[in-house]
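The same chain A turns up in both complexes below, where it pairs with chain B and then with chain C.
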Partner chain A sequence: MASTEPVVRVDDLRVTFPTLDGDVRAVNGLSFEVPAGGALGIVGESGSGKSVTSLALMGLHRGTKASITGSIEVTGKDVVAATDRELRRMRGNDIAMVFQDPMQSLHPQYTIGDQLVEAYRVHHPKASRAQARKRAVASLERVGIPEPGKRINSYPHEFSGGMRQRVVIAMGLMCEPKVLLADEPTTALDVTVQAQVLDLLDGLRRDLGMGLILVSHDLAVVAGSVDEVVVMRHGEAVERGDVRTVLSAPEHPYTRALLAAVPRVEVSRAQRRAADRAERAERERGVQRAEGADAAERGGFEPFTPAAPAAPADGEAPLLRVQDVAMCFKVRGGLWGRTMDFWAVKGVSFDLHRGETLGVVGESGSGKSTLSRMVMRLVEPTRGRIEFQGRDITHMPERRLRPLRKDVQMVFQSPYSSLNPRVTVGDAIGTALRVQGERDTKKVRLRVQELLERVGLEAAHYNRFPHAFSGGQRQRIAIARALILKPKLIVCDEPVSALDVSTQDQVLKLLSELQDDFGLTYIFVAHDLAVVRQISDRVAVMKQGEIVELGDSDGVYENPRSDYTRSLLNAAPLLDPDEARRHRAEREVARAAL
Partner chain B sequence: MLNYILRRLGAGVLLLAIVTMVTFWIFYVLPRWAGVTPEGMAAMYVGKAPTPEAIAATVDRLGLDQPIAVQFLDFLRTLLLGTEYTFGRETVECAAPCLGYSFTTNTPVLEQLLNRLPVTVSLGFGAAVIWLIGGVAVGVLSAVRKGSVFDRIAMSLALVGVSLPIYFTGLLSLAFLVHTWDLFPVPRYVPLTEDPVGWFQVMILPWVTLAFLHAAQYARQTRAGMLETLGEDYIRTARAKGLSERKVIFKHALRPTLTPIVTIFGLDIGLVLGGAILTETVFSLNGVGKYAIDAIVAKDLPVILGVTLLGAFFIVLCNLVVDLLYPIVDPRVRIAA
Partner chain C sequence: MSAPSQAPESAGPAGVQDAAAEPGVRATRGGGDNRSLRQIAWQRLRSDKVAMVSGVVVVLLILAAILAPLLVKWFGYPPTQFHQDLIDPATRLPFKDPDNPYDPDTGFAVTDPWGGISADHLLGLEPTTGRDLFSRLLYGAQISLLVAFLSTLLCVVIGTVLGIIAGYKGGWVDTVISRAMDIFLAFPLMLFAIALVGVIPEGVFGLTGNGLRVGVIVFIIGFFNWPYIARIVRGQTLSLREREFVEAARSLGAGNRHILLKEILPNLVTPIIVYSTLLIPTNILFEAALSFLGVGINPPTPSWGKMLSEAVDFYQNGPYFIVFPGLAIFITVLAFNLFGDGLRDAFDPKTSD
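For the complex of A and B:
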């Protein structure tokens, strides 16, 4: 780092998109610098302009209607003023980019070798194919693809998500760029894979002396990997400075709020609940003082009473009893197209008591979604037994299952695709009531509106369509839809993983309040360890279709018994930069030992 | 891979067998249900003034009074093993695969079909080349310059192209381009092997007419597919590598766009090879389609049956080729297969 000249300098960047409702300023006067070999984190929630900024750095707004003012210099060259030809010469050569979704960012119809070779030869037209290929193998080796000489002929779909992201990084490294720009490189990945990719980026930066710009919505993701951080909101940088200073002593209230919203693995369920209840009591006192005391009694729902601790009375039958359930799927494959058995879930047992929350954590492919679908009886278990309220529902026919359906509801992951865009919010929520036999339209409407208010929306939203709502609001609608039938058990399948941290925090609060109010029982499926800890009384850790650890949530998190749980916890992103680096060192030692 | 090919081949043969059965059912069983007697069916084959004796002889010779099952087995045997037809002293051999004997033209059906096939194949392949290249090129340009004047004109023309039937565009071009302005010779088919230039001159107008209809559809498909592909993340990756726009479009965006096009192309070409009835009729080309329409007018059952089977054969064949090409076009299919 001999030169003090920054490799990236952005000065008063403004990006404006013309729309029918007037211009939208996606980025509004942003400035930052990245020194050679330095690392900068850009953090902001969706709509903060962070992705627009990273596309602008690559000059990828060319050909769209965006207008860009200010200056962007990459290795001393002006990106805004460069001709198309100059710009193409910079892309991949001076600055390379790693994208969010590795499943989508590689061309499905070319081998990864072809794609890597192409990335090199476009900037080195004189290089022979063999030379470029040799380089590609070296690059794949550097990012940790096993047997790169063989794998170079594989197609992207033959790799897992984490491996694909490594391939994308390898492609970025082909021309040894001065800066690597990674836009949410780990958002689509599992925790352990996320840790691997972040470790890789960190190592490459050190080994190659490359500048790194890491863009993320999650402060904890950038904390351990960057020197400096820019916090963005509404297209502006609200705070910029050394990562340790920003995280330990944030100046701007927005940064403070963002930090407070990040779920922390070290905060226990009890702490979180106590804090939420105190905050709520405070809020409610304020409301009652303002409105008078008559606002409390409403509709068919009981008023808020701090619920008794979830601990079940001894001898009471569990609400749900799952005994040794397994699910087998037939997979076509092999040379002769034979079907093979794939056990998505193999032998899982647990009891769930009224008012309790069971967290299910696991990485993709661990069988957690299949398990929740079996509990919902959306699929029929191949083996085992499921009892709900003492009744065996394992193989119950659909017709007899229907009356029970109102007691078990589900909240899905994507708030965007789980609501029908052509059905108004009121109808989406009210349909379930009508299906269960309620004829009085007025009554349905009233109930739905009450519920809308209860989940933090407005009664006037009844006739709006889903597109008018943000992700967090949609998830509230989905929760209202699950609540309308007053279910006893709600299965939440990754309910907050598609949301920004602050929205995530609000939804978790809502779920916890609703549990207090209605005595709900939750099964909370998620891949995020911190989120699961804060909402669950007990936690089941799943791996390859089996529960490797099941126990009291504080116990599992503080004294994990299984190695797998320990490795998951070690991979969880941390807000403290020094702690995060220590974990990284531990992981490196563990990897070296393998 | 071999297993995959064998399975597809097996499915193709099965499909042909089913088509054969259905065709037989339509032409031999359905009329009976509608109340046509064996004599009535035989009457179609016996010249203009059928005598009762001639009809009875024909019924006997064709086995029209046999039970349906026996007739079907006869039909199958003829198809697979061939047969001989006797007319008084004369015996005509019809080798397998024998599609029957036309009594209006007094020739074996297959021989006639094979004689006319070159015309249809010339027409089909020539038109296919034009519509594929033209349609895809226009579609790509339209997508890349979305909203431009070119795009608007091309898409309006495509809409017109899809809506105009061949007997309209064909007759119009005949009337003006051939007869009024003398730009093209009056169509009279010349085999490629005899006079390549003449062949080309005669075929160009039918090609363009037939291609226009299909090209319009291909242009719209390509444009829609291309627009979708251009929005994919991997196109952004390609741009971020520093590739030129031409490479981004033709190497990265066109290939995924062509995948569904290959599928419809296989179907379309199979359909055209089975006889482009309208085009052949309008341009008086003596191809399979013309043969079929003549047979329908003359109620020449064996010919109609033969043409139907030939058409089915081409569709099955082209689908098979597409299925086998698919793993090459899209490597993801290889694993799934």
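For the complex of A and C:
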């Protein structure tokens, strides 16, 4: 930060896309600067214009219909006015980009060595292959690829996701750019890997004195790695300033709301529940005052009465008992296309009591989704036993299972894929009643509309198609669909991971309200430690198909017994910049000790 | 920053904030909240000039075929009526001036280089017989389009049923159906058609004459072209089957019947419509080829393929006889193809607007 001239200066940037429904102003008057060697975080929810901004910085809107005004200067050169040739020379040389998905940003047909060498020789045509190769090995070594001399001949598919992202970063470093632009570099990665990649970026910035622009939807990802932060909304910067100031004393109400919505790993279930209930009571008092006698007049049909909220009684038989279940998939592969056994879940047991929430945390591939599908009996366990309300459902045939299905429902991960695009919202929710034998169309409709209102939508939404709704609204629809049969148990498989933080917060609130009202029991599966803590009474930590730790939520989070849980907690992104840096230092010590 | 979340600003009634929090979704959609996917597709289609023009051509063609008797009554002569008084018996070509057909100096007939186009005969006269080309072209459209539509319908029915079963069931069912598709696609269709037309006796299934011929052609085309549709339906079903909404339906207790008819089939309607519009021109060409080879419709009923094959005899002295049926096939096929492309683009969410 010692240098005088900023390496990136953006002034009054506007990016507009023409569409059938009129112009969309994706970025609307954005300005910021990055000093040499400084780090800037750009944070915003989906549709805030942060990715459009990062593409504009690279001049990647050339050849599209986007119209760009304002100025973007990278190392003193104007990106908007540059000729295509000048722009090509700048990319990689002055500013390099790391994309979100390391699975897609490397070419699958070339070795990583070829790709790194090419990245260098594009800008240094006189350099020999051997020289470029030497640089590539050095660059791979710098990003922490073990045995770079050997691995340079590997193809991208031979690396894990985190390693691939390191390779992409190494590629960005080949020409020693002045600025590295990372657009959601860790969104596709697991928590522990995310921490490693963020640590790497931070270390590189310090060692090489590069500017770093870190674009993310997650304030916590940015907090520990940048000096300055820009909070974007609707294409505008609502707040910009030193990261510590913005996070500890935000000025704009939007920033404040966003910060309040970020789930925090240090907040316990009890605290969160108390806060939610207090807030709800407050709100309902307000609504009652506003509506007054109006509510009494409505009537007309039987109200949707919830099952009596049940306090988990001691000594009561568990609602769900899972004993040593395992799931084996046949995977074709190996030599001669032989099938191999892959155990996605290897012997998991737990009991679940009425009214409680069991959180299941784990990284990708830990078997948590398979486990929830077994509980739902969408797949049949290879081994073990599942009892629901004392009945063995492990191998029950579909026909006999059908009447039981209304007691166990599921909320799926992707609100885009879990609703049929060709079916109206009303039909999608009402299907459940019809499938279970309800013939009275009018009754179905009333019930669906009632439920739509209960989950925070409008009765008039009945005839709309899913595409007219945002992700959060769709997830509400999916919740309504799961609720309509008045189930006892709802399995939520990553219900909020595809949502923005503020939407995520609202959906979590809704889920906990519904639990209070309907006496629901949840299995809540997620990869996000903080989210799981706030909703779960007990937590199961899964790793490679096994539960490594199962216990009371506060116990697991505050006094983790297994090393794996500890490393997960240590890797969780934190909102407090200083705390995040302390964790980083701890991780570095741990890594050095290895 | 380690205090519990207590900022009251974020605590609007649940649901109110969603719209505000996700402006991108709403902003790009304008106010069109209630539009169905089909309405959006229609809007896109309307802004696609090529698709609209070809769509209008398609509609006009269909109208012309349906209204052929009326149009012929107003603008022409019946398609089977001979006008041999307008034809030179020696060259079998139409006279230039039927009132003074012979050159007074040489005594030879003066034939029309434009094929006898006049106010009476808008597209001229057929060589030899002198039948009105305009009305033959219109009636030919009836046969071409009828065969194309019926055979495409047959393709769609067979292809959809088998494709959806193969995709949904998987396993050995899929293997059997997929191999059957390969076999049908490898079959020497044209030879089979010629052979079949030769051996089928008159009066089978209570059909005679042209009814039988149309039936046979429709059967052959439909029975051998269904794999094109089936492959697409199978592929789509394979991916739809894995979607979460299918799992959601299963977890609600829905059976296979419900999942196939209510969840999967509605998602197949669009690809089926699109690929049928692309299959129609292929089938038109196929019918023309069969008629050209003489195994199509019985004379004197006109068909485009037959008109082409008859015009071939005169390509040296009267090349314009090839032009009209050729042009008709060309325009029809092109219009259907472009319209099908436009439909696909309009329905496909991946193409940008």
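By our rule, the second predicted complex is superposed on the first by the 571 of 594 C-alpha atoms of A that agree within 3 Å, B and C clash if a C-alpha of one lies under 4 Å from a C-alpha of the other, contacts with A are read in each partner's own complex, and residues count from 1 in each chain.
In this text, contacts are C-beta pairs under 8 Å (C-beta built on N, C-alpha and C of every residue); 3 or more make two chains touch, one makes a residue touch a chain.
The structure presented is a predicted model; accordingly, all values stated were derived computationally and were not measured.
**Student:** With everything superposed onto chain A, say whether chain B and chain C fit together or clash.
**Tutor:** In the superposition, chain B and chain C stay clear of each other.
**Student:** Once the shared chain is lined up, is A:420 touching chain B (first), chain C (second), both, or neither of them?
**Tutor:** It touches chain C, and chain B stays clear.
**Student:** When the shared chain A is used to line up the two structures, what angle, as a multiple of 10 degrees, is there at the CA centre of chain A toward chain B and chain C?
**Tutor:** The angle comes out at 30 degrees.
**Student:** Quick one: classify A:155 as touching chain B (first), chain C (second), both or neither.
**Tutor:** First partner only.
**Student:** Is it chain B or chain C that touches the larger share of residues in chain A?
**Tutor:** C
**Student:** If you stack the two complexes on chain A, which partner ends up touching A:80: first (chain B), second (chain C), both, or neither?
**Tutor:** Touch partners of A:80: none, neither chain B nor chain C.
**Student:** Output check: A:472 vs chain B and chain C. Expected answer is one of first, second, both, neither. What do you get?
**Tutor:** second
**Student:** I'd like to know which partner A:328 touches here: chain B for first, chain C for second, both or neither.
**Tutor:** It touches nothing on chain B or chain C.
**Student:** Between chain B and chain C, what minimal C-alpha to C-alpha distance in angstrom results from the superposition?
**Tutor:** 5
**Student:** Under the contact definition given at the top, report the residues of chain A touching chain B in one complex and chain C in the other.
**Tutor:** The answer is that chain A has no such residue.
**Student:** Across the complex, what residues on chain C touch chain A?
**Tutor:** 1-2, 4-11, 13-19, 21-30, 32-37, 43-44, 47, 243-245, 247-255, 258, 262-263, 266-267, 269, 353
**Student:** In their shared complex, at which residues does chain A touch chain C?
**Tutor:** So the residues of chain A touching chain C come out as 19-22, 24, 45-48, 233-234, 247-248, 253, 256-257, 259-262, 264, 266-267, 271-272, 275, 279, 282-283, 287, 373, 376, 378, 398, 401-403, 405-406, 408-410, 412-414, 417-423, 428, 431-432, 435-436, 455-457, 463-465, 467-473, 476, 478, 481, 485, 500, 502-503, 505-506, 509-510, 513, 575-576, 579.
**Student:** Residues of chain B touching chain A in their complex?
**Tutor:** Result: residues 3-4, 7, 232-234, 236-245, 247, 252, 255-256, 329-332, 335-337 of chain B touch chain A.
**Student:** Using the touch rule from the top, collect the residues of chain A that touch chain B in their complex.
**Tutor:** 58, 60, 84, 88-93, 96-97, 99, 101, 104-109, 111, 118-119, 122-123, 155, 157-158, 168, 171, 332-333, 335-337
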